[in-house]
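First the structure, then my questions, so here it is.
Chain IDs A, B, C, D and E follow the sequence of writing; residue 1 opens each chain.
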């Protein structure tokens, strides 16, 4: 297949962006339609790629290479494997629905969509890059539009949150950058030629000390984005402040960049380093899961609940990474996808409510299901996904993560702790999650009708697009997980082979 | 003297400068705006000339080196001068006098820089330096009705003279210790005889002199004041070209004459780099005046460039070259935007930028993306430049320095974003009108913005040129 | 006559140092300016000792002549208040003294410990010719630049001294 | 037919989206779709049961069909599969039958409710989930449907979402079940870690030979947490009484066939695991026994008709669990089956009453028998069955449990069971005497319910009478030779046990008549006399309060503490770093004094410092 | 015997005296004078090096002449600025020039 489908997926938003630049500012509907069409093209191509992806063959597919800076072995080389393909699809879905979730945007529409499309270009770029340089480049492209999007169109301490988010992400990425450069230099020395190609760099034998050091850098760098405790604070604040589509993209996709980077670069290149630091990740992820969920329980703002729930859910992804085996890594990637869809759904709905009610304070709501039954249903489905109900995508993912970490026989801290105990603690998160999610559902949507909110209209027309698409995705992959897991596993298999081939080393504790 | 053609660019520059001077006397006052156009056209022509000579190399009169390294910097200076000239049309007209001299001085300062960048010999290097410095003193004080401008001028002239004195003392010591003023010969002598106390002391003095020019902490203190006081286009020019020239000369001297002492001076440069990056960025945070903010930012940029020196490698020099070039467009972009704003609003205060994105999307976008480039955020060129710089020092094992550098550039994002915040997040004041920008300046701004994008997305040709030019310093 | 030259050296050194100190220590700027001229003359004497007669002449003309007169003019033009207290120290003078002294010690220690390597050779009889050759040959480029520099300085000095008011 | 058994859950499962998306607006059609679906399932279930008989499918030789659902080669194979053995076949029949009757009943009961269509869609999903659970051939699938059952119970309990109490009850049910599911999940994770499979059959082959009984016991104990929650055993029983907040047909379904039965069914399915571990069996037995007694005592003091029935369900579930614990899977399942019929009947009857009166407090009813003859008489039949009077269904099944406890030497449990039988008879007839007999209370006039409601009552009444006969010790090829664990065995009738339990039941009825059968002030006197016990019972031993306290004070308190920590400590540290940077910038800027001589001084000082720093090479020696 | 080091010491001393003047005097003209002393000190160095180390060439002297030229230019511009400032502020003290700071 010669059509550069991945590049096309990435460039569709760029084309849309350029077109929007040409459209006069008052033609708001045209701008929105342009954005919708651009993202729809990406979505269709992403689905096409997903379908065409041959997971029997596995490996990287849809390759495209263009020499870029030969002096440093930088190539524009793209391709997806079973790990990145779902992420591309996720991004396409979330941005497409995000555009519709912003349909009622009236403030500075043109700039909004320009920045939004800029942001998503970066995200696509990360997921399709096979070249570390471009990987990092795209990674950072996403940050600044985010700042402006939150800063201009946000709410609730938006300037503070935007700045906080930006600085956290950038400081984090600083560490990742050091790691990437160090890897490149080490690789160039060992290979005898300069290259940023991840696959080629993966063939280098890095010595243990180097692996430990660089993996740690990556852990900080990508961990901030995940976000790993205690580097997570940008995320609730950022989520809360961001406008709907940005929250969706941010929680839905951007956080996944961190986990994806950690797996794709960190674990894949430095399996021994990963083994060394895995116990630390495992312990921190428990904090993420339990602590995050408990904090979510006492939040008073709907978005804060979801913000902390993301902290908690991404903890599962970390657990999947920490356990470093096939099941858990499959689960981690699946969870990235599932959480992305689920949280995008949440934010779309909360945005819908907020847009109409101008408040997100849970205590002021109650009985909204009377006025907004569709929103309530959507929110409930999102909540059920979030608590890991079978039949929805998240369940499969969480289940695999739990299975993976649970079956990992390794004791920590001289036998005081083990992966199994940590898994049990993590699994307890499903109870806490159920509690806070359903409490929120109850307090917001159930209870007697409040006439105060009688003016709220239920979601209708284009507002239904995000709800329907996201719910359908959750259910589709929930009922037929093999559509997803077969693909992911084809990407995980080489990774696990590499982990297993690596020296068995003890963890940090 | 068969190889005088190598001096084409310098001679033409001198001719342009003198011609403009003459033109200023001949043209009646009302038509002097045209002098600016002539200057811009001339500079553009010179750029073409310089570009056509990009592969030329040779030595003129035993001590003047034409090589790709020097030519690269010449193109850089000319680009900066061109942008400055375009940027100055309205500004100078607003100042209202002596337009002919202004552009002439601009061109002659460029000449000084060219000499500085191409000198293979200490005396012409010194004269180039002084031509540049003294011209800048005049330009800095050029806003004759503004007491701040005069203050900037006198600070620059007095401090510049003192730093010249210490530099000269260093030059004299190097001359004494090596018996020559030709850089190549000094290099050979030092390689043969090794280090000696006077030579090392001379090295320290040279370092102080150059550090002054490149605004490395703690030799930077003149720059915020001068930058703030000088006319805005001049500040832009001063901050990019004078600094780049300083680096060009620094590289020539330290890498050409004193490579055998690198164990010694690299330590000094590390200290300077650290101080420069930290202080420049930290002090930029509380600034409220855009020019002063850019001054501190420009100090911090010098810190990053010093990393290339620290690395003492081809990659390092190439990175300096690359970074210096994009720095021209990044910083000039910001200064052009600031000038455009000043021309209508008469203010340099960041708080007055509130809502600029609504009033003039172009100015705001140019400012934003220029600042992002300075911060090293992709896809702007600044990212690639910083990438090379950090790569160069990591390749030498200074990972801690790289971490510090990157963290500090994240601090810089903070204060750059404060500007972005004002422009994009703030609301324009009641009854404000769109910011009108002259067409020439608009074109220049768009061009510099495009260059930043292109260098960021496709850095290959410039990278190759820079790296190949840098190679000559490590040839036996 | 090595002894004679030594004697002259010490004499000139004493004059130079004493008058230089007077330049910086005196409180009357006019006196300082006059001692500055004396210092320049002393330095010119040194040049003669060092067989640089042409340079000595330049020193006298440019420095003791032009520069000194320029300075005196400037002093007169900017005179205000009591001339006897026209050249005072600022608050930094102690620190300045310490730094200057430290720098002197550093320079002396570093240069004093040097074993200078001399390239033996005979000084050309009349060095004016040699200097002229150098200016027009090997150092032609700096020479041209110096010319431009002077032009710039002249233009600049006129511009700056004249000020911008008349155009308003 | 048996090949297509997988269709049994599919019918109602398909009905769910159809109703939601297509027939929502046409109410009766929705009901029709739901009923048709479950009826089809019922027919299939009958067919399956028939084939199980005809083809000789036994507990040892089950039929299994499976398709891969999710697999990771070499590591994990999860099948979407069905396992049909007599146990499943019986269960299918019970579930489809009760569900069918409940749905028919609901057409009348829910008539006029705005959520009519949704209600039927949820019911369909509920039945589908339960049927899926019954058919599951592995732990994963059972868990999958187990959770869906939980979801449906949440939706249905909270069906009247405009009522705070309903919303809260739904939440409570789900969260309580989640706690249990957490244990269950860990349990089968342990099993997977040990055996590498979820499949019941494969596990059944592997478990008996497994040496590490410690781990196995841990796994079994954890798996048992699941039924504790689902089947509302102490201490996770708190959700069940509140579950009556849902519409009454839902209560019937939950209490009889779908929700709570799942726990017991899981015990039966996983019996091989428990049977090999006497310690765990003992635990199961005592948890069941204790719950039976505990909830029976609570039921004695309740006034709400549905609440009494709810505690009665708990108590009966305790019986079943106890039966499992004492080793008689047959007895447990038998009781599950009979109980399904008469408890469904009781709830539907109660629903009929509530439908008529819109009142749930029995002490505000009275004399209803005269107005609602069908309802009352069927209710009484069910109560008799529950009380365990021969020859009604409850008698045979309860008796089998007691006999099993007695025969296996659990005398304590036997006595306890008998005591519970007494209490059961007492509280049921307390209800009947108070509500159906005596004088009418002012303002409440009952009227008989429509046919759609009474017909199911009648059918269930018949079943409550006859269902027991399949398992009487007098029948030679009864239930015990059909559904069993280990060897099929025929239970010999134990006349002593039978007699005693009959007497005890009669005694309970008698006591109820003494206290409530006629106007009397004895109950009040007793209540005042034993105020503390009475208060304790009325307040259900304060278990709810304790849990609420734990949740409010401990969980929420800790959460608030974490929140504070996050916002102030963690954020404080990071923001502090930011502030420090900013402030240091603000301080450092004052180095820039504006005085050019200071600047120069700094420059030269720096030069001197550098020279002194490099004193060794510059001033003291020569470097190489 | 007067050696190179004598001249260098003299140059160094003169340089530092000039530096002291440049750093410690309030009057801008005096600061310029100090700078002139420093430049003269450098010239002494250059000429002395030339004389003692490579008498056959005149590099040092040429250098010194250039320094003188530059110094003259600097003085011219500097004094012009001093006059300019004086006219504006009636003050030629450098430590009053602190409008630009922080």
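Criterion: a residue touches a chain if its C-beta (ideal position, glycine included) is under 8 Å from a C-beta of that chain, and two chains touch if they have at least 3 such contacts.
The structure presented is a predicted model; accordingly, all values stated were derived computationally and were not measured.
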item	value
Minimum number of chain-to-chain touching steps separating chain C from chain E	1
Touching chain A and also chain E, the following chains	B, D
Chain of greatest Cα-centre distance to chain C	D
Central subunit by CA centre of mass proxy	A
Rounded Å distance, chain D centre to chain E centre (Cα mean)	96
Whole-Å gap between the CA centroids of chain A and chain D	36
Length of the line joining the C-alpha centres of chain C and chain D, rounded to whole Å	102
Inter-centroid spacing, chain B versus chain A (mean Cα positions, whole Å)	42
Residues of chain E whose C-beta touches two or more other chains	8, 15, 18-19, 22-24, 28, 31-32, 53-54, 59, 62, 66, 70, 73-74, 77, 81-82, 84, 88, 94-95, 97, 99-101
Residues of chain C whose C-beta touches two or more other chains	90, 92, 95-96, 99-100, 103, 106-107, 109-111, 113-114, 116-117, 119, 139, 142, 146, 149, 152-153, 156, 159-160, 163
Multi-chain contact residues (two or more partners), chain A	167
Each pair of chains that touches, named by its two labels	A-B, A-D, B-C, B-D, B-E, C-D, C-E, D-E
Of chain B, residues touching chain D in the complex	154-155, 158-159, 162-163, 166, 194-197, 200-201, 204-205, 207-208, 212, 218-219, 221-222, 224-225, 263-264, 267-268, 271, 279, 281-287, 411, 414
Residues of chain C touching chain E in the complex	2, 5-6, 9, 13, 16-17, 20-21, 23-24, 29, 32-33, 36, 39-40, 43, 46-47, 50-52, 54-55, 58-59, 62-63, 66-67, 70-71, 73-75, 77-78, 80, 86-93, 95-97, 99-101, 103-104, 107-108, 111-112, 114, 116-119, 121-124, 127, 130-131, 134-135, 139, 142, 146, 149-150, 152-154, 156-161, 163
Interface residues, chain A side, partner chain B - complex	68-72, 108, 111, 133, 136-138, 140-141, 143-144, 147-148, 151-152, 158-159, 163, 166-167, 170-171, 174-175, 177-178, 181-182, 184-185
Interfacial residue positions of chain D with respect to chain A in the complex	68-73, 75-76, 140, 143-145, 147-148, 151, 154, 158, 161-164, 166-168, 170-171, 174-175, 178-179, 181-182, 185-186, 189, 192-193, 555-556, 558-560, 562-563, 566, 570-571, 573-574, 578
Complex contacts: residues of chain E adjacent to chain C	1-2, 4-10, 12-21, 23-30, 32-34, 36-37, 40, 43-44, 47-48, 50-59, 61-62, 64-66, 68-77, 79-84, 86-88, 90-92, 94-95
